[in-house]
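Letters A, B, C, D, E and F name the chains as they come in the text, with residue numbers starting at 1 for each one.
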């Protein structure tokens, strides 16, 4: 490689850093909740990249909180210990034995993420919703039927998160909570991320998913929406065009916006460094849901 | 019950509280590391009592840190997932698969203790030695043979514990660490408790065990020693009368004393509230190991 | 004593401490104002016990403030210096000379309490209402007649108490104040305790008295009331059954409740450790006055 | 008075304030211990002026601590209560009864000074050496004879003073302490001021006395010394020309200098505002004792 | 000079200091904005005295902020560099070249004041309205005509002043600001002082001017007003008797009072130490403008 | 541009940010002193880029301090005001009039840099060595001849810098100081940067110059040295191959290293974003001078 080309490449690098300046400023000391799940948790490369992104956010002055699930790993271990799944209304019933395995697996995943962050030289701390009484739940029923230890969050005590952020840790949360009798419950990770983002008044809530974003028409790959307001999202839901898995996610987004989160993102977690790209470049990734009054200046 | 008897009982209660006064003062804002293991982890009643004791210590102004093991549970789950144990020099080899199960189980135990403390209204946080880079290890060999992911602590970074104590949490630590390549290792819980007590300059280190204490002559149940100095402990070890399991424990005790811990206790975890009895009453429980210069005024 | 009996006694002790847990939590960092007077100030044993109780409360995390009188000692010293008492409407007139003696005696009592607390290893500081401008008074008249330097509190400046509590002192206050001309006045100790409890928003105000509590019918020793609301107390006063000395005390209690103190107790100061018994056991001592809306769960 | 004269007077006033500038800077946030005693405690005018001086020092940013005696008042009250003085070696014996009166009187004086400071709008707090364990003493003997409760300071715990200064109080201390059995002792006020100045590393220690200062020759009124080093003071004592009352005072001064106090002053407390004059003007009052190495630039 | 006269003089000095006591208390930790301009900036003696006054205010616990102009110096340097003044409506037009010189000169004056304060041993820091984004302006037009880079303040960001005061600096501000395009503008120093006083909620705003104060009748030297309320000032303006230069100044005063400044003073900067005389003596200098409700107790 | 190319470009950007991670960590909260001068101060583009670089460093957690000169601008204005330069030993003599102009110009430059930083949304504060007594100098002579107000730094008081950094400002310093008589002196900007870097124990000191770095042989453009130790630098100077302007700069570098600065860089300020390139990429720019013991791991 000639000296001149090296020179040009170096300059291009500097340019990228300089372009990051306004974004670094915009989110300085702001809390960003990242719901981490899907393929990005399975593929080791993507996993490393998500953690690199979160660590960089931390280092340049943001306050990321990672909330993760562990779906596929749980199924794997439930099988390993030889348990027979039981179903209610087509939903897996989380009986006490399943809950025990689920908690073990989620904590394992949790600490494996801690390890990745520590490896990059940043102090992480892995907690569940039990620690410091973070997540308080009530039992959730499916059409009135008992589906076991599945909880609905009815209170978030964010003090532990504020304490850890003040002490400069990157908190990594697994979605387990306790009810008023201190029984352990599994919680949907999307719900947990959303409830936490609301409780800490996050500036941003980002869902890493396995699709490109929200489509106007689920069957038309060209109908990807890059930005829509909470009202528009409501209309879209009412229109009936929103597909299965996206429905509760979009409801969560609307709920977050309604409760003080400034901006929610549905990102394609299969794209490397999708978090960085979303935050630091003017190339929008996925779909942004924003309040009705906010100017749409962001990705212009 | 007559009014007078009730009156007398009430007065007796007040008396107990008043007798606790000097002990509360003595340990005010002091760190007490409790190695929690053995029968006290199996029997649900004892478990509840140990946690009650630690919570009370926290509430009256001490700073307890719980370090726990999980031995029997690990064996149970290793079996559950159908793994065949492998042995080296008669020691179980912790291969990667076993380590994975061990980590899951230890974290499960960890969070179950968090639950018990939260239930009593005190904020706990369960961490492993991975969080905040608390425990750094090197691989341990057994007579030169590879026994897998068993680690020897070579560095403790106590900042995370200071941060959590400052924020008024009761830290509960499970003995897992990482080496310089961020690989996960299992650590002997006694070693972990001892290393942590040294690193935070604990006032007291208490081992909950399944025996009554240290005996002068292992075969003579009347030879229980209630107090001995580090020097005397060394002589005792050299005398050859110290039985198998007690040997590494006693070495740990001596090591802790040599490194600034004021007092180490080997307590009989099978006795209800042994921690409280040891600390708050003038009835010594088990064996205390102390520095050579310290006055033996304590239980007189 | 056999080993087994010792064992049982020790266990009983631990049980008492464990039973104290919820009470320690309930009052953690809460201010408790103790009006200390009557027999408990004369009997050396009771004196020691009251101070032990307050010191224990301090050590387990409460914030006690002691307000004391000095009645009998004042009379003794007024006599010693050969002064002739003068009376107005049957009330002793506090002329300048009497005030001088009263102030000396109250400060002497004040420092003797400081001494007892220091002896137990806790830092106390004895102040009067002059220090830091704590108690500001106006002259009080008895049916329009001048009774000398007897003051009615019209302003409390609690900053000095907050400062001392923050610096971890146990404040001991004697009921002397100054008017707007910085003249010295004697204040009724019950009034002072009540005004201070209101000003610092105390969680609890406890009067150590020489009777068992409030009686429904003053002549019926079986009519002791263990709990009544402020409204019920008002009705009781209107009923005319409340005896002489109890009347102003009960008015003070109602006043305190009306002004934000959560709970007021009239305790029998002649019972050893009555404070501890009231706070730490489920055996109610004396009479509790509480807000109308509060649940009566306390001593059940 | 003509406008011009008024103008000139105003200007002269401004000039005085401007001249104070370097002194205000020099002592900013420095601790100045004032031993207050002698005539300045008897004459009401002088009393007011001393307090005005200390209050001004406080307001312009110094940290004065007043230590006072109460000699004449004690004698008066000992007489009032009809006690017969007992003498040992010509020294009044402080038996228990005398001590009780002395403590009452000293606290009365203490609170009367608090009153004067509060009147000037500054927060004062009156303490004795009992509060917060400030002054710890051992019994003092006079030529081996028991002279009762007269104490020699063997330990100062200055924490209470630091706490009060941090909270912006002007501490006023009366010279009473406790021994290791928590018995009450009277302390010479000069000794107390000196010990406190040493313990808090005071910048300055000023004794208000009833003489003009130290004389080279006690019989020659023209031999007043305005400045001498600790070494010179030692020589002077050895020379034998130092009169009775001055001897222990001068020893105290030397002791203070030897222990880190920067400068000690023996001031004539009979001169109005002698403290201000000493500190704020270039007219030296009384005698300054300084370390051997310090430049004598001060009053030039 | 005889000893007695010296004594008397010293005493008189002490008296002046004592008289300052209530004023020192009144303004303790209060912000005082001083608009420094006119003759007091030209005469080297007056300059030194103004700075002495401000430094003394700082040292005795006030928080002065100096805002200065630089009019005559600017004209001098504009001439020096050979620029031809251009006029619009009789007002000098501040074109880019003039602005450049003005900024240089104002900063030079600014640092010369820093030097004088540092010389007196107090830490000063000289800033312009550019630093920390202190003064944000919009372009000002004169009867619709462009007069160049003359700005009107539309936002004050006082954080930099709070930060500097917290760090114990004496801030010295020159009246330059930036518009939303970060262009540099000159600002009228009176306007800047007024806007800053409002933004920091100053206790006092003092204008050093070249006249004795406000006159009821501009032509009658005996009609000097020593005190008037904002309402009275408004009436006075409407009466038409207020002379040219005083009009905007008085409007500024009213504006400051209306926006939370407690008291505004128009002082005769030609009188030595006019600031000290105004604040520390009972001889009022110039004219005080106060809120309508404030008592006129000040100079009585 | 096709979607795929955009995708690749975005990914490349993310990659650059991720590569910055270890550097961001390495310099987190470290002070970096940037000597800003030469062409980079003249070319508007380079100027903007230098400021962008410093602002980015600030935002990602470093603590940059800019020290700047103003040479060419000073000459321009000295001419503008029609002054005749006077020379001593071929050096321009800085008489009082020249010093006045120099101070004006340096402050103008200073505030123009403040403006650029504020424009990027970061709070800057422009100071000279007069503010807070930052730079104390003595007169410098040239071969014994008086060259006017040219100062040599003999003391740095870094408190003002610590205060401003704590309050999150980016300090911009112009090289003017005062001697013990508070006279104003011009200081060589390289000297000022070096003295400040030493005083604040900077992690890094970077000189923006107009050459590519240090050459082994000044006449051989291929002999650019990318890294040398302080010892090697000393040898190089002794070798006599170091050209004129580089000599004092290299001496300054050695001096900085000898006094605790970890690493000094001589950068080519003519290269865009040379600061970022040096710090964030593995392409070394210019010459690094490091301590003798430090590993040369940096640019490998």
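Observations on the model:
The rule is simple: a contact is a pair of C-beta atoms (placed from the backbone, for glycine too) under 8 Å apart; a residue touches a chain by one contact, two chains touch by 3 or more.
Going by UniProt, the chains are A, B, C, D, E, F = Acetylglutamate kinase.
Given the structure is predicted, the values throughout are model-derived calculations rather than measurements.
Chains that touch both chain A and chain B: there are none.
Note on connectivity: the fewest steps through touching chains from chain C to chain F is 3. Averaging C-alpha coordinates per chain and comparing to chain A, the farthest chain turns out to be D. Distance between chain centres (mean CA atoms), chain D to chain F: 55 Å. In terms of their C-alpha centroids, the spacing between chain A and chain F amounts to 43 Å.
Per-chain CA centroids place chain B at a distance of 68 Å from chain E. If touching chains are joined by edges, the resulting network of the protein chains shown is one closed cycle, each chain touching exactly two neighbours.
Contacts from chain F toward chain E in the complex involve residues 77, 80-82, 100, 103-105, 107-108, 110-111, 114-115, 118-119, 123-128, 130-133, 159-160, 163, 166-167, 169, 176, 178, 182, 184. Every residue of chain E that touches chain D in the complex is listed here, in rising order: 6-7, 10-22, 24-25, 28, 49, 52-53, 55-56, 59-61, 120-122, 271-273, 276-277, 280-281, 283.
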